[in-house]
Amino acid sequence: MAHTVREKAKLLARVRRMKGQMEAVERALESEAPCGDVMQLLASIRGALAGLTSEVVEGYLHEHVLHASDETARAEAANELAQVLRTYIR
Amino acid sequence: MAHTVREKAKLLARVRRMKGQMEAVERALESEAPCGDVMQLLASIRGALAGLTSEVVEGYLHEHVLHASDETARAEAANELAQVLRTYIR
Amino acid sequence: MAHTVREKAKLLARVRRMKGQMEAVERALESEAPCGDVMQLLASIRGALAGLTSEVVEGYLHEHVLHASDETARAEAANELAQVLRTYIR
Amino acid sequence: MAHTVREKAKLLARVRRMKGQMEAVERALESEAPCGDVMQLLASIRGALAGLTSEVVEGYLHEHVLHASDETARAEAANELAQVLRTYIR
């Protein structure tokens, strides 16, 4: 069972929390809150997003690369992971 | 006028697009989409968030540090900016 | 043959270039060059380091995870890679 | 006095430590050490570089933007800082 299915409830809760943070940015912009508040909210979303992404990437590495069903699937997963890592290691 | 007020409509549009991307992650998890899709969606949100944050930080630097109303306001803004930068330069 | 052995000359050239950049920072500090110069030099090293790291990580993923000699070696390599990725995805 | 002059000895010590780490990467490549060792060394340099950069950026923000000699110098420093921040917030 894929990691994102096994941990579905926990991952969904984290995504919804981030959506709530995004809505807080929306409200801050609409109500013309101090620019510093918007900046701090964005920094906190970044932290939450990094935490979620780190967990999903690690789950992907173990589920689809380490425990691939066959060598073709493993190679495809390794390539997909490499593509995503390029957006982070820069 | 603060940068986030002057550019309010444009910034709100970007935030709402990111919220839409977040909802796409939510649907992907709910529908038990392939783990790789979730990973790619999260990477694209990261890019959008970085772009928005970079603009808000730069607006803050110019609006509240460079063109502060007085030296006390400038010092407070510089400290708030320094705090946020620590979460990025690591 | 490991990626870092096969690409040894190319990787060594990149590391020596970065060492040269680091020596430029050293000279800038010693000669009390403008602070902005030191800041720009550090930013350029970061870019070079990210490029080199991205290549080594990708080589590692393919060499030691995808084409591991056996399942034990694969599991160890996946864990080592996961550990390194945690320092980047944050 | 500029931050990089006032803290010269401390900053030079950090740069020389990083140069030592870079030489360790050089030796690891030359001696064909395990690829994982190279990867871990690069990750540790990244951490050291981020710490040094964060300190230099913060010193720059306070020295050259907050306490600029005049408004022209302040505007130039703010622009130089904005340029460097774009390489980090992405």
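Should a chain be cited, it is by its letter among A, B, C and D, assigned in written order, with residues numbered from 1 in that chain.
Simple rule for what comes next: contacts are C-beta pairs under 8 Å (C-beta built on N, C-alpha and C of every residue); 3 or more make two chains touch, one makes a residue touch a chain.
Just so we're on the same page, UniProt names per chain: A, B, C, D = Metal/formaldehyde-sensitive transcriptional repressor.
What you see is a predicted model, and the numbers here were worked out from it, not measured in a lab.
The minimum number of touch steps linking chain A to chain D comes to 2.
Of all chains, B has its CA centroid at the greatest distance from the CA centroid of chain C. Its interface matching that of B-D in over half of the contact pairs by residue number, A-C stands out among A-B, C-D or A-C. Separating the centre of chain A from that of chain B, both taken as means of CA atoms, is a distance of 15 Å.
The distance from the centre of chain B to the centre of chain C, each centre being the mean of the chain's C-alpha atoms, comes to 28 Å. Averaging C-alpha coordinates per chain places the centre of chain A 24 Å away from that of chain C. Multi-chain contact residues of chain C (touching two or more other chains): 47, 50, 53, 57, 81, 88, 90.
Judged by the touch criterion defined above, the protein chains form a single closed ring in which each chain touches exactly two others.
Listed by label, the pairs of touching chains are A-B, A-C, B-D, C-D. Chain D meets chain C in the complex at residues 2-5, 8, 11-12, 15-16, 18-19, 22-23, 25-26, 28-30, 32-36, 38-40, 42-43, 45-47, 49-50, 52-53, 56-57, 59-60, 63-64, 77, 80-81, 84, 87-88. Within the complex formed with chain A, the residues of chain C that make contact are 47, 50-51, 53-54, 57-58, 61-62, 65-66, 74-75, 78, 81-82, 85-86, 88-90.
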